[in-house]
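To keep things simple, chains are lettered A, B, C, D and E as they appear, and every chain counts its residues starting from 1.
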């Protein structure tokens, strides 16, 4: 079931800013991805109800909670229960950070609720509570804005590049927190970001937008193994492998994961044996060898089969099938010839253990 | 100063009459009207301005106190103040529907008068009311001057006014709408003038005011002549 | 000076009520004028400033005409309330409202035009409805405007006497206000009393204004100091 | 009506000059009051609103005292310029400036308080000095304020007559202004002329204000419409 | 010679926001790197002269162009010739994008000048020139702000996270342009960013700031081969190798570079034979093998020597010396034992050709 289905049309004068069908899954995080000026911010604003009717003629939004927008009708933003984290924060300047939070808390929607203290801890706002927004740094303001949106208990959370001004450490921490919130609170979210790394750590669905139109909408896993997509968007291409924890090797600070019958070693994570773990496999981190290398710093060699080959401007994109899941490698044409790669052929994929990424707590 | 027209400061209630007087003075020679510039205002205002050195040549006040004061203070005029008119109080009740005695006995509406502190007609009216003129003293609505008191009635907001006869004549109010209380019942409302400079046109007007023809005009306008009394 | 105290009371009541009523009704009106896209506002804003071009006494005269039971408005009022507007405190208040409206509304329009729409959007996604936003965002964010509009209105109503005299009729304890008293003293050359009263009025106003400013002081640092 | 035309000329000259002079000198003053951190401003803002609490006639009276050659200021003026201030157009102008100052300055303070400091910072890193920033940023960004402050000042100066009557002396062609003429017509029960003049004044002002608003129309979309 | 030397002290009330010595090289880009709230924005603002004297007591700034700040003295910002690209853009809202640019152009400082058309082309503003800033998307506004700062011909350009709101493609393009501007116009720049990838593509010097203090200030190359830094900041660790173009292999879309006597193949770039090329070697992209692997998709195997080994929480960081230059590998403890790594020992480093990055135009 979907959280909402919509036809979105936004015009500025005669210029269409948005003109597309849109559907949002009931569960999980949908990443909205697209170039600058594609209409991402505009899309979030229509969903939140912030664009006045005269600009949205022709839009229809049917949500799980009722009609939000139709030919004659426009449900006021404060009635939609949609949280929005703005690109430019928009903290209320006349009250402190703490008051910004309580403002949102007092007006909670009927979505999943977080306590004040939890939110303050998650976003590291402890020392900033008595500050006025003007006295925050860019990253501090962004954290406060996220906190304010979450404590408001929205039914749907829209986030417009919420981590753009954050350093790596804060970003990682908040991504982990958002992942927890997603799974524990089952709060549906739309996440706009230019950072594919962020998207892939958080998203379940990806929608690509360009020139005001949703041009793709797919589960993350489908997208990352779609060879055409990968060809087009090589810079983005990463895949997700679903694995389970087999056990930990504390003295080596490694965790052993199983992927079907094979095993993969990754830097130690906290998940319990048997837990599901999502592994990020970046195309660029995969190398192929004809046979396993004895003495190499690369710990993981997976036996795979070539599922698809696509030549593209001197580079070969290889879709690899391994225990029923897929991931990609990107190699040069020269390497392809050297390895005499063909579809269906068995091959060994080397993945650096250190290159693996999982959304749970982990070392860098 | 002698170059330009003579500036005549006049109490607002006398302005129309003064203009008629100037016309009469100019007589057959209409250009002579241009020798006069009439500046009207409340007596108090004009007095304050003259005290501050306003360039007026002749001052026609609505009372006699202020010309006297100007004279007494010295420095403003070597001339003596002279009375030029005497005000007549009139009780105006446009919607009168009974003989005057009954009206005076039963009137219980709002009565407009000029501010007794500022205007001699107001002070006179106030004394008249204290007599009392009416059987029960009505609520008094004060205008800044008689003109405002007149407007209160004219606009229908007050039902009666104790104001000057001159206004009623000027406004062509029918005779049956007003009543003239006996002049013995209220203090004299002497209006005095004082010459402030030696401007020839101003002198001419000053002198003209004492002539019978001028006094006739003044009387016709609803004033009594102070000269006739002397 | 007893009389003057009563008069002071009337004055403060008049200025206070005028300011209060304008604050209650003028503020939403100013918001509408500042924010509406309607072509109507382009006419309304100048229209509301019009009372200013006429001398107060003249406005007073026209109001007096309107208040008269011979005219529609005055007759209707008399019908509903049984009392006439002219020479009553209510009439005075109405006149002050008409004349002071621009002094209240115009600074508020300036203040309201500057409130960032995005902040209001943020509040509405947080679940704040129109009235909620008005109270919790629009008003605090236009504090400077409110302060100045209120000050202008209050002081101007205190000082105004042209209209007040015309439609009030200077009835002691009812429609006699301080400005008329002061005017009387000056006109009757009662300078000592005039000076005393003027000094008192000025002193009182100054202290009141400084106090209000201090209370409403900018504690959030929403000022040029703000570093971002 | 010839007379009235001259009077209209004097009125417009007075209101125009008052607005212009306040725009030139009041604008920087308002900026300083809005932006200075100095404790002085906390006193200056109320102080400048003070003329409003006194009836215009009373202010006029005090100005008349000040203008009188018997007092320091009037004497000094006479010394320097050889003419007296009272009953001259210059005196009228001075009086109007004093009385209209708050109407100009207060809305400008509101407008100026809202200009984001960061934009000024941006301009200064681009090499814009103080005056440059003032002309190219501060003024355009406070256009609404300027418009409203100007309108208030102009219309109020047109309509004001208490001070003008007191210190001007109602001298035709020199200090007789439209508001006094109108006042006179009403006072002397010359209603037809009064109505005509009032209608003319109101009509003219309305057209002028709508025109100015239209010229200064917000073409940048700095309004609630702005989508971000 | 340095562009400026300074002692910076900024206080808000009694709270010190900045308290540090600071020096800026005359040439090249200095990256300012540090966590959220460290004082980066504050530092840029003091340099630009935007913090009033009463908050900067004790600060001294001596620039090449004279004294900017001393005990009694504060040079006005408009006299410093410093361009600043703000975190929140600060475009003038009452004029169009084109007018924003001409505003800056009319007030040019005496730094290196770019033409209007060039700037518009570089930042892709062609279709946005007649727009008012309110009608720009986040990324569009950021590009316009950068353009405005550059056309102003500053002597020194300060940029506060200028690419944070940009998508990958725009970011890459602009980084390339900034690199060109750096080398062609010799405009010194300070660049604040949370993205190490950006830093490493652009910067020549790196300064690390924390709690208002500059804690490190070094040439990029020194920093990226400092084993302690790498240990601490493993997520950042990349190294730069200086190479020269040997020639191109157009049919394979490869370019051959030389590193001393060895050669490296990278996706084809446009640089001419003999040109210097800067190669980004990310620690995570390096794997070690005891001997070259015959049939592998990894094209480049460099013969190196182990220069240093640092064990850190189960992971080994290896500093590799190769033809007089250095780069790093990060391997698991298990791999280290497997390879029996010791300092001084020869070893082969595998680097995926596709992983190499150069600042010039290149495919993804």
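To be clear about the criterion, contacts are C-beta pairs under 8 Å (C-beta built on N, C-alpha and C of every residue); 3 or more make two chains touch, one makes a residue touch a chain.
Quantities reported herein were computed from a predicted structural model and do not represent experimental measurements.
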item	value
Joint neighbours of chain C and chain B, given as chain labels	D
Chain located farthest away, centre of chain D as origin (C-alpha)	A
From chain C, the most remote chain by mean C-alpha position	E
Between chain A and chain C, centroid-to-centroid distance (C-alpha), Å	55
Length of the line joining the C-alpha centres of chain C and chain E, rounded to whole Å	59
Inter-chain centre distance, chain B versus chain D - centres from mean C-alpha coordinates, in Å	36
Gap in Å, rounded to a whole number, between the CA centres of chain E and chain A	26
Residues of chain C touching at least two other chains	61, 118, 186-187, 222, 226-228
Touching two or more other chains - residue numbers and ranges from chain B	45, 48, 148, 151
Numbers and ranges of chain E residues touching at least 2 other chains	12, 41, 45, 88, 135
In the complex, chain E residues that touch chain D	45, 48-50, 76-78, 80-84, 86, 88, 90-95, 103-104, 107-109, 132, 134-136, 148-149, 152, 154
Partner chain C, residues of chain D touching it in the complex	35, 37, 42-43, 45-47, 49-58, 61-62, 102-103, 106-107, 109-111, 113-114, 117-118, 144-145, 148, 151-152, 155-156, 158-162, 179-180, 182-183, 186-187, 194, 198, 201-202, 205-206, 209-210, 213-214, 222-226, 228
Residues on chain C engaged by chain A in the complex (per definition of touch)	116, 118-119, 121-129, 132, 136-137, 140-141, 143, 220-222, 226-228
Parts of chain C lying in touch with chain B, wherever the complex brings them together	61, 64-65, 67-71, 74, 84, 86-87, 165-166, 169-171, 184, 186-189
Contact footprint of chain A on chain E as seen in their complex	12, 34-37, 40-41, 87-88, 135, 137-140, 143, 160-161, 164-171, 194, 196, 234-236, 252-254, 265, 267-268, 284-285, 287-291, 293-299, 313-315, 329-336, 338-339, 350, 352-355, 363-364
